[in-house]
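Labels run A, B and C following the written order; every chain starts at residue 1.
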Amino acid sequence: MKNIGQEMYNWAVDLFPINRSLSGNGVRETLHYIKNIIPELNILEVPSGTKCFDWTIPKEWNCDDGYIIDPDGNKICDFKINNLHIVGYSTPIDKDIEFEELIEHLYYIEEEPSAIPYITSYYTERWGFCLTFNEFKKLKRGRYKVRINSELKNGNLTYGEIKLKGKSEKEIFLSTYVCHPSMANNELSGPVVTTALVNFIKLIANRKYSYRIVFIPETIGSIMYISKNLDAMKKYIIAGFNITTIGDNKSYSYIPTRYGNTLADKVSKHILQNTDYIEYSFLDRGSDERQYCSPGVDLPIATICRTKYHEYPEYHTSLDDLSFISPEGLYGGYDKIKKAIELIECNQYYKINVLCEPQLGKRGLYPTISTKASNDVVKKMMDFLAYADGNNDLIDIANIIGVQAEELFGIIEEMKKANLIDVA
Amino acid sequence: MKNIGQEMYNWAVDLFPINRSLSGNGVRETLHYIKNIIPELNILEVPSGTKCFDWTIPKEWNCDDGYIIDPDGNKICDFKINNLHIVGYSTPIDKDIEFEELIEHLYYIEEEPSAIPYITSYYTERWGFCLTFNEFKKLKRGRYKVRINSELKNGNLTYGEIKLKGKSEKEIFLSTYVCHPSMANNELSGPVVTTALVNFIKLIANRKYSYRIVFIPETIGSIMYISKNLDAMKKYIIAGFNITTIGDNKSYSYIPTRYGNTLADKVSKHILQNTDYIEYSFLDRGSDERQYCSPGVDLPIATICRTKYHEYPEYHTSLDDLSFISPEGLYGGYDKIKKAIELIECNQYYKINVLCEPQLGKRGLYPTISTKASNDVVKKMMDFLAYADGNNDLIDIANIIGVQAEELFGIIEEMKKANLIDVA
Amino acid sequence: MKNIGQEMYNWAVDLFPINRSLSGNGVRETLHYIKNIIPELNILEVPSGTKCFDWTIPKEWNCDDGYIIDPDGNKICDFKINNLHIVGYSTPIDKDIEFEELIEHLYYIEEEPSAIPYITSYYTERWGFCLTFNEFKKLKRGRYKVRINSELKNGNLTYGEIKLKGKSEKEIFLSTYVCHPSMANNELSGPVVTTALVNFIKLIANRKYSYRIVFIPETIGSIMYISKNLDAMKKYIIAGFNITTIGDNKSYSYIPTRYGNTLADKVSKHILQNTDYIEYSFLDRGSDERQYCSPGVDLPIATICRTKYHEYPEYHTSLDDLSFISPEGLYGGYDKIKKAIELIECNQYYKINVLCEPQLGKRGLYPTISTKASNDVVKKMMDFLAYADGNNDLIDIANIIGVQAEELFGIIEEMKKANLIDVA
């Protein structure tokens, strides 16, 4: 357990400095790092200009360098020190300008004076720099040199996809995003937890379901992926999770699907029920569930996360750094999604195959010495059997009889062996 | 706004002195007054003796005069001073009688000693006088002269009907009653608010629905009207309101239909949700909803009113006078029904016609400068679109996303223009 | 009323000393006692070894005598003084043993030092004695003589069945058990209340439903009965009650069926709604509802009782004696089941047969003098009629309009006579 948490954290440390954006070499570098861990990852590209429903794949953006030289000759807002200093998708610039012109291209947060904000301008061409309000306050009038060595050109949108076969064609879907530069909870927690989950899924012996896992840029990436795969997704996906902001060790959160009535919702609520967690409304959505759960797409994809995007002050700033996440935090989030997957893998409709209560004694299922623990097991067994009427799946039964589904795994095995229940 | 409230109040002042009852010239005079304002009003008559389901149209009653001369020669209980002094449908009388006999024909309220009660005897022939308990206490033994110059004869029940065509044959129905003598909230508030609403409806450009509006005597009038029009009412009426006690400025109230599950209920609750109002049970009914919502009739007709009949001490007494209602009170009630009508007129099932979220920016729907107000608009737009899946009407969407439907009117127009949504 | 309570108590006094068990002469003697009261009782037998679903009818057990002689020659644990001293289904024994061996066959309750526990071993052959912890503490080392004069042999399981015909083939079912030795609330309250109810049922003039009543050993008896009668039970039984622990005068309790959604549940909740009672979950079940409500059996059989089995400290000990029950307690339980039966007998779907409200006056149903009491009757009548739309049965209507169904019995009769309502 410790190992997995630490391993995920180490991956995050490696990936942190890379300048990811909607497109470009930072995304490619990130995906190749993950492919080193999971060779099954396919790295795919879609050309700029491709139509995806209401959207068009934008130009590819790359940036090498960027900075400002102040009137005293000091280099500030240096991209090489923190890639958040450059507004994402900034057009190239190399110019001397007056302070009055410069400030129209500067972004900072007065309320969080030590944070560099994260700003992008994907669909309107502009250039800009982000800096802390503390830095901003020190600027004086005069002539500044601004330089951004970026390139905006027809290229590709890059994403990763993994498909793992199970006994059934039906799929469990995981989606995470790789489009944010150096931020830890939003975003690196997502790809590293997803990577660890793929390792876990590969180890499920005789897994029942197939798995589809994507590493995409947020919004345009999910729209593109849906536009290419909608029919298959609607046909095969029985439940899925959007994996984001899952690395801090504060709270747990759940964001439902549009009507909160899918298997993903049922599983999420069951998994979290004895945990202290916040149940959000779909109105609080803000990540790729906006696309997966849109009308006509209607996929059963919910979000289980730690402290939700938008709900912590460090969100979308340089303060969402590697100190904001932890091995424990990552492991906690990983473990909830893992439990959700395990539960879906063994969630079945069960049906008792005797009429009236079975005689447990003659099957050796009734304790010869009655203790509180053995009574609890018999009670759970009889309660399970009372509702194993073919109309309830495992989660329903667990909810009705007031236990966690995983407490029933052993009992179910025993009763299957004793030929008392069948899968309905 | 002020004008409409004052105009309604002025009509009530004009109509107040008229001696209305179930039938007779007071009803005719009242309807002709309204026809002067709304020429579309048809004044119709049904003969005494006509069968209406379980009921029979009673005789027509008219009364010119009535009074008592006390032993000292003073005229008391003078109909010409207050028409509530005569029990409605009193048979004629002209007789000298002893006090002991007289008191069997006197009605007063000990608990409200300054109020003349409103008493009728439509279906049992008798005569009587109503007076305040204060007046009653002053009466002394001796010989009294009683005179009621009334006539009870085969005649007609008189009522008014307005039909206004819209694009659809489907109808919105308004019902109010004109059978009470000089009382203001119960009853004149009903006909004057309904009259003002007809003026409003006539001004709705391109109105979608047709309208059926009736001014009838309570109970027997609605039973008669249903018996003549049931098939058409069941076929065409999609929602309606019984309009009564709608002129005081105290509270708002809503009385549901039999199961509280019709469009009229949905609209009423939505319109009132941010107002301080009392939601009654159908068990609290007491006006024509008793007929409209009876088994087999089952019309979608609810009541939005101000302080409900039976729920104020002045109800059915001389204290329910012109000081009990006000231009502001009448306007408040008018405005709620007007909003209900406007909402029904534009309530539709909407369906987004792109898959995934649309790109608002390229359509000029995304603010170029982001402010709290513009963010709120974008949030409402995206939330509206998320639930515009063809399964929700405007009210459903407004309820889900937590806004008043009218806040969405402008957004809907913009999105229609941008070709983002269709009527489902 | 007093008489019936006292009569039931007297029966319990007579039946108390009999040594009942799963099978044997104690059961036969008990059933013959009841047959003296109800000649319609059929006493039936099923041979040992008969298969019943997952179970097999065990051997028949009889016991004449049993006791221990202590080292000082005193007779203790004397079956003739209290039959709870012998573990039910003890094998015969006649032997001198050391204290150290004896104590492995002794049962007592440290927490209830003055109670003899009730212990059985139906499906594992063993012998044993039960005694109070106070008695146990006095025992000293030495040689003891133990003797149990019992017999365990192939024989029969004995039970009683009564069938009473009504106009319909549809049945109301009552089940109680006769397998516990000298204990009062659990068990004699069950058979004596059931016996009194049979007397009541026989007196229902023109009863609508047929009745099936069984006196069986718990668990194996209900399993056996269901295995022989399942098709008929599923075809005919519309509601039933398991009758147990119904003789103390403390609380009332209700145990629902598996999903709490049958007529038996609806009736139970309506009958008890204005009584202080405990609503248990089906997870708290512990008597024959475990069989009647098992998957595939699915019979509509709930439990209305007084203080529920397992929920009082005297349960399954010698302290559950004749002082724990009372004529008042038995009568209270009897009365609830009686009311439930009466309610089912007259529960119908009603439909008004006029459109709009009827004119009560011309039918003499409207009071000529209006008093609070007469207004209440008119209000109930009009409310009843408002919901007598063919979609609600009597209990539904009573629940909607907020009265006890029995308050409507008189009104219904009047309205039937006035030809205002029909059975739907």
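Going forward, a residue touches a chain if its C-beta (ideal position, glycine included) is under 8 Å from a C-beta of that chain, and two chains touch if they have at least 3 such contacts.
This structure is a prediction, so every number in the text was calculated from the model and none was measured.
*Asks:* Working from the CA atoms, figure out how many degrees chain B turns to land on chain C, in steps of 5.
*Replies:* 120
*Asks:* Pick same or different for copies chain A and chain C, depending on whether their interface residues overlap by over half.
*Replies:* different
*Asks:* Could you please state the distance in Å, as a whole number, between where the Cα atoms of chain A are centred and where those of chain C are centred?
*Replies:* Each chain reduced to its C-alpha mean, chain A and chain C end up 56 Å apart.
*Asks:* Where in chain B do residues touch two or more other chains at once?
*Replies:* In chain B, nothing touches at least two other chains.
*Asks:* Which stretch or stretches of chain B touch chain A in the complex?
*Replies:* The touching residues are 351-352, 354-359, 361-362, 368, 382-383, 385-390, 401-402.
*Asks:* Quick check: in the complex, which residue numbers of chain C touch chain A?
*Replies:* 52-55, 123-124, 219, 222-223, 226-227, 230, 258, 282-283, 285, 290-291, 293-298
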